[in-house]
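In what comes next, subunit A is part of two complexes: it sits with subunit B in the first one and with subunit C in the second one.
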Partner chain A sequence: MKTARQARLTADFQTIPTRSLVLILMPTLAIIALFLASYGSFILMSFREMLPGTTTVTGNWSLASYRRFFRDAVYPYFLFQTLYRAVQVTLLGLLLAYPLAYFVARSSSKLLRQLVMTAMIIPLLVGGITIVYSWLVLLGNAGLLNAGLKALGIIKQPIRFLFSWKGVIICLVYFVIPYAAFSLIGPIRNVPRTLEEAAVNMGASKLTVFLRVVLPLTLPGIVEAASLTYSLALSAFLFPMMLGGGKVKMMSNIIYETIYVTFDFPFAGTMATILLVVSIAVVVVMTLLQRTARRVRSD
Partner chain B sequence: MPGEGFDIEFKGVHKFYGTLEALHDVSISIRRGELLTLLGPSGCGKTTLLRILAGFVRPTQGEVWLAGERVNDVPPAKRNVGLVFQNYSLFPHMTVFDNVSFGLQMRHLDRATIQKRVQEVLELVHLLEYARAYPSQLSGGMQQRIALARVISIQPRALLLDEPFGAIDRRLRDEMQVEVRKLQQKLGITTLFVTHDQQEALIMSDRIVVMNGGRVEQEGMPLSIYDAPRTRFVAGFLGMDNLLPVQVLRREGQRAVVRLMEGAELIVPLAGELRGERITLAFRAECVCLAGAASGGPRPGPASNLVSVPGTVEFITNLGSRVVYEVRLPDGAILCAQAQRTDRAKEFIRGQQLTVTLKGDHCVLFAESGAGE
Partner chain C sequence: MISKAAPRLAREPGAVGWPLGLITALIVAFLAVPVLFVIFYSFNKSAYFRLPPQGLSLRWYANFFRLHYFREGALISLALAAVVTPLSVAIGVAASYGLVRGRFKAATLINALLMSPIIIPGVVTGIALMTMFNLLGSGWSFGNLVIAMTLVCLPFTVRTISANLHGLNHFTEEAAINLGASRWTTFRRVVLPQIRPGIVGGMIFVFATVLEDVSVVIFLTSYRTSTLSIAALGYLRNKDDPTIAAMATMLVALTIGLVFIIQRVIGLEKFMTLE
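Moving on to the complex of A and B:
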C-alpha cells in the first residue's frame, strides 16, 4: 500500500513536463534520425534496378535483386548458415556466460568478483582486431590449443580451427560471453539467496535448486541475454572474415563483398534488408518469450 | 552422547569469521517439543546459531546434535529441519500447492501421498482454498502461513524460525505469534526461534536464551528472565528502564541492604552471587509508585522492604492507557515511572514535587564486570 508520502513523491516526479523530457532527448533523436535516414536509403536502394553487366544503377524500381536472392540457392543457404551459426554461438555463449554471471552475482569474495569482471571487460576494451589476432595465435595448427590437446593425448593430428567454422564460432562465443554475462548478473542477483537456501532446506540437491528455482526465475534474463547475443552473432563480420579466411562467410561478409567487389548496391541492400527483417523478427519473438516468462513468474 | 530427552544440542560451539568471533562457547539444549527462543540484538550471533543448526554455517569448533545424531557433517539438504525465513522465501514462480509440496517431491513420495499431506498442512494453516494461488497474490500473513506449511509438510525433526514475524505489521503479528505457538504446541515440534523482540520472546517461548556479543548472557523461563535479569545487558534488553548505582551495606542471608542515597536504604532479595565493585539496582518503570505530596526528604530509620524518596517531574510521555514520568531525584539521578491512568488522582504535571516509592521485591541487583559494558 502507498503511504501518503510515497504518493506525494510519485506525484512530484510526474510533474516533470514532457516538454523538458523531450528536450534532453533531442541530440540522441537527431543522431538516430540521421542513421535511420541513411539506413532507409540503403533499403530503398534494394528496390532499384541494376543495368546488367555494369555497375550502373538506373532510376527504375525493381524487385530483381530479391528475385535473384531467392532464385539462387546459394544466398538462402548463406542466410540459413548465418542464422544457424548465430544459434550455435548464442547457446554456447549462454552456457559459458551463465556460470560466470552466477559467480559474480553470488561470490562473497570481492577480489575474485572483480578479477572475473575485469576478465570479462578486457575483450570489450581491446577491440575486434586484437581478439582476432590472439585467437589466430591460439588456434593455428601449431597453436597453443592444438599443442595443448596433443600434449594431453586427446588428439594426434591438429584440429583445423582456422579458416573453418570451428575457429569462427570459438572466437564469436568468446566475443559474446561478456555481453551475455553482464546482462545475466542482474537477474541472478535478483533471485534472493534465501530462495536457494529454502530449496536446500527442503532437501533439494544443488542441481535441483538450479533447475527448479534459479533457472526458472532467471528465464526472463536468459531470454534477454539470448536476444542480445543472437543479434551480435547475426551481424558478425570481422571474425568470419579474418578467421574464416574466405572459406566460411556470414551474411555481413557477403554484403561487404557485394559492395566492394561487385559494386552491386541494390543486391547488397537486398541482403541487408532481409537480414534486418530476420533480426527484427528474432528480437520480436524473443521479447514475446520474455513477456511470457515474466508473466509466469509474477502471476 | 546427547543428554536424555534433548532434541537439539549445541555443545561448546564457537564460530569465527576470520578473526571476528561470532559465537563464543555456546552450549544450549532444547527438550523434545520445547520452543526455545534466542533473544538478542542484531549481530549477537543468534541467527548464526540457527544457521549452524540448519547446516548453512559450519561451526569452527563444537558439536551440534539433532535428535540423537551428531549433525556437524550432515549437509543442510539432509538434515530434515524446517527453516522459516523472515521474508518467507516462497518460490514466486510456483503455486501454493507446488511450494508446499516441494519438500515432499524432493523426498520422492508418490503423488497420492503428496496430495494428501499438502491438503493436511494447508488445512492446518487454514489456507486450503488457496492451493492454486501464487504467493504474490497472498497477503504477508498468508505467505508466512504458507512458509510454515511448507516446512511442516516434511515432518521436520525441528522447526527453525528466523525472525518470522519481522515483516508483518503489528496487529497481524500478534495474531500470528499466538497462532504459530498454538500450532507448535499442537504438533509438539521442537523449535528454535530467533528474535530481537522481547515481547515476542515472552509470548512464544517455553524458555529464552538471551545472547549478546556471541555469548549466552542468561537462560531461563520467560517470566523468570523478565523478573530477574542477571546482567545489565539483559535488564536493559528486557525493558528494565531504571538502572541505579547503589552501595551494598550488608547482606542478610538471601537479602542485601543497599543504600540509594543518604538516608534511603532498601532491602532487596538476592537471586545469585553478587561479586564486583559496582553494584546496580534495576527495576521497571511500572514498579515505581508515585504519590502526590513531597515527603520532605528521606527519613532516616531502619532499612525496610519499602523506600520513599522525593522527586520532581521532569518530563511526561503520554501513552494513552498509561503515562511515563521522568522524575529527578535529589541526588540528580533520573528515574522512569509509569502510572496506569485508572487512578486519575495520580496524574502529575511537569515540575511537580512528589514522592517516589520503591518496593525491594520489585528490584534486582547485579554486579557489573568491566567487560559487560
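Moving on to the complex of A and C:
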C-alpha cells in the first residue's frame, strides 16, 4: 500500500497540478500579453494613413508607408547597408572571439583563464555609454590610436575613424566579441581531446588538427555564435548614432530619426516592422543552418 | 599541491602553445584598452585628450555630481534597477519552474515568446512600447519604464534559471516529497537553494541592462524622467569633456564589484555556462 502511494507520488512529482501551473505562470502570461499587445499596436500603426504635409495620423488604413519604403531607393539601400555591415561585424567578431574561447577552454592555468574571462565580462556588463565614449576619444583625429600609428611611422595623416564605417565597425566588433566568445567556449570544450591526440599521433600538424578536427566539430557552435552576433549587430543603435555622427546610419538610427524629426509614426512603424521581420528571418535561417551543421558534423 | 607533483605532459595535444597565447594577449589588450583608457582619462586635467597628460585632477567627478540631471538620472536608474531586478527574478523563477518542471505542450511556445526580446532590436521594442503606452494613454511615467525593462530583462533571468534547473537532478525533490514535505516546502527548502547561481547570474544581467539600456528607454523618457544613460547621451551631444569619463569610471568600478560577486557566489566558469 505504501509502495503504491510512493509510486503515485513519484509519478505525480513530474507533473505540477494544472491549477498551480496556471497560478505560477500567470505573471509570465501577463508579460507576454503586454508584449504581443505592444508589437501588435505598432504593426497596426504602420498600416495607418498619414495626412500629407502634417503630423496627423488619420483613422484610415493604407499601404502608403510600405510603398514609400520600397519606392524610394534610399531606404532599401539603408536596409542593405545594415545587413551588409552586420555581416562584416559578425565575421570579424568570430575571428577574434574564437582564439579567446579556445584559450579559456583549453588553458591549464586557472589564473590566466580567469584573467581572460574577466577581460571578457567587464565589456559585457559595463554598458554602451562607457564603450562608445571611450572609442569616441580613442579614435579621434588626435586620439590615442592615430597618435600611436603616427609615432610608429605607419601613417603620416590621421585616419578618419569617426563619422565613418571604420569607427562604427571597430566599436561593434569590440561589443560583440564577449558574447561570441562566451557561446564558443562550451562547444570547444566538448571536442574530445582524445580525437586531437589521435590526429597528432598519426602525424598531423597542429594546424591540420585544428582545421580538420577542431573546426568542423565546433561548426554548430560557430553558427550559434554567428546568429547571436548577427542579431546584436543588426540591432545596433547607440554605436552608429554616436560614432557615425549622422554620416553613416543603420536601420535603428533611421527609425529613431523618423520619429523625432518628422513625427511620421506610420512610416517609423513600417520600418520597425520590416526590421522585425528581417531579424526573425535571420534567426530562423541561422537555426536551419545550425541543424545542417549538426548533420554535417555527425556524418 | 597535487597538481605540481603530477608529471607534466610534454606537448599535450590541444594545449595552449605560445602563438595562441600571444594572439589571446593581443585580443585581451584590445578588450582592456578602452576600459583602462577611460579610467586614465577621467583624471585628466584638461578638457581634451593631449599627450603627454597635463596633470591629475578630480574636477570631472565634481562636475558630474554638480549637474542635477546626472544626480537625478542616477537616482532614477538605481530606483528602476531596485524595482526591476527583484521583479524579473520573481517572475523568472516562477516562469522557469513552471516551464521546466511542468511538462505541457505550449511550454516551448511560451518560452520562445518570452525569449524574443533578445533577438528583436531594442529600437523596435522601444517603439512598440511607446505606441502601446500612447494608445493606453499612460503618459511618460516611471511605471512605463518598469514595465518596459521587466519585459526586456525577463529573458535573462528565465534563461539563467532554466539552465540551472535543467542541470539539477530531481531525486532530491522526489526524496523531499516522499518524506512528506509539501510541494511548496520542497520548492523553498530544496529547489531554491540549488538555483541560487542561476538567480544571482540573472540578477547581474538585469542590473547591468537596466543601468545601460539606451535603445528602448530613449523612446519612453522625457527630460523630466531621464535615466543615467539618457542623461549621459544628452550631455555627450552638447559637450566634449571628460565628465562622461568620470561617470564611466564609476560604472567600471561598479562592474568590477559585480565581477567580484560573480566570482564569490557562482564562480566565473559557472557564470560562463549560464550565459
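Keep in mind that, in the parts below, the second predicted complex is superposed on the first by the 270 of 299 C-alpha atoms of A that agree within 3 Å, B and C clash if a C-alpha of one lies under 4 Å from a C-alpha of the other, contacts with A are read in each partner's own complex, and residues count from 1 in each chain.
FYI, a residue touches a chain if its C-beta (ideal position, glycine included) is under 8 Å from a C-beta of that chain, and two chains touch if they have at least 3 such contacts.
Predicted model only: the values in this text are computed from it and were never measured.
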Touching A:F163, do we find subunit B (first), subunit C (second), both, or neither? neither
Broader residue contact with subunit A after superposition on the shared chain, subunit B or subunit C: C
Between subunit B and subunit C, whom does A:E197 touch in the aligned arrangement: first, second, both, or neither? both
Regarding the shared-chain residue A:L217, is it in contact with subunit B (first), subunit C (second), both, or neither? first
Considering only touches as defined above, state whether A:S205 meets subunit B (first), subunit C (second), both or neither. first
Classify the contacts of A:I16 with the two partner chains as first (subunit B alone), second (subunit C alone), both, or neither. second
On the A-aligned overlay, A:V126 touches which partner chain: subunit B = first, subunit C = second, or both, or neither? second
Who does A:V283 touch here: subunit B (first), subunit C (second), both, or neither? second
Which parts of subunit A are in contact with subunit B and also with subunit C? 197, 199-200
Complex contacts: residues of subunit A adjacent to subunit C: 6, 9-10, 12-16, 20-21, 24-25, 27-29, 31-32, 34-39, 41-42, 45, 96, 99-100, 102-104, 106-108, 113-131, 133-138, 140, 142-144, 147, 174, 177-178, 182-183, 185-186, 191, 193, 196-197, 199-200, 206, 209, 214, 231, 234-235, 237-238, 242, 251-252, 255-256, 259, 265, 268-269, 272, 275-276, 279-280, 283
Show me the residue ranges of subunit B that touch subunit A in the complex, using the header's touch definition. 54, 56, 76-78, 80-83, 85, 87, 89-93, 102-103, 106-107, 134, 136-137, 150-151, 154
Contact footprint of subunit B on subunit A as seen in their complex: 192, 194-195, 197-205, 208, 212-213, 216-217, 296-299
Which of the residues in subunit C come into contact with subunit A in the complex? 13-17, 20-21, 23-24, 27-28, 30-35, 37-38, 41, 48-51, 90-91, 94-95, 97-99, 101-104, 110, 113-114, 116-125, 127-129, 131-132, 135, 147, 150-151, 154, 170, 173-174, 177-178, 183, 204-205, 208, 211-212, 214-215, 218-219, 229, 232-233, 236, 244-245, 247-248, 251-252, 255-256, 258-259, 262-263, 268-269, 271-273, 275
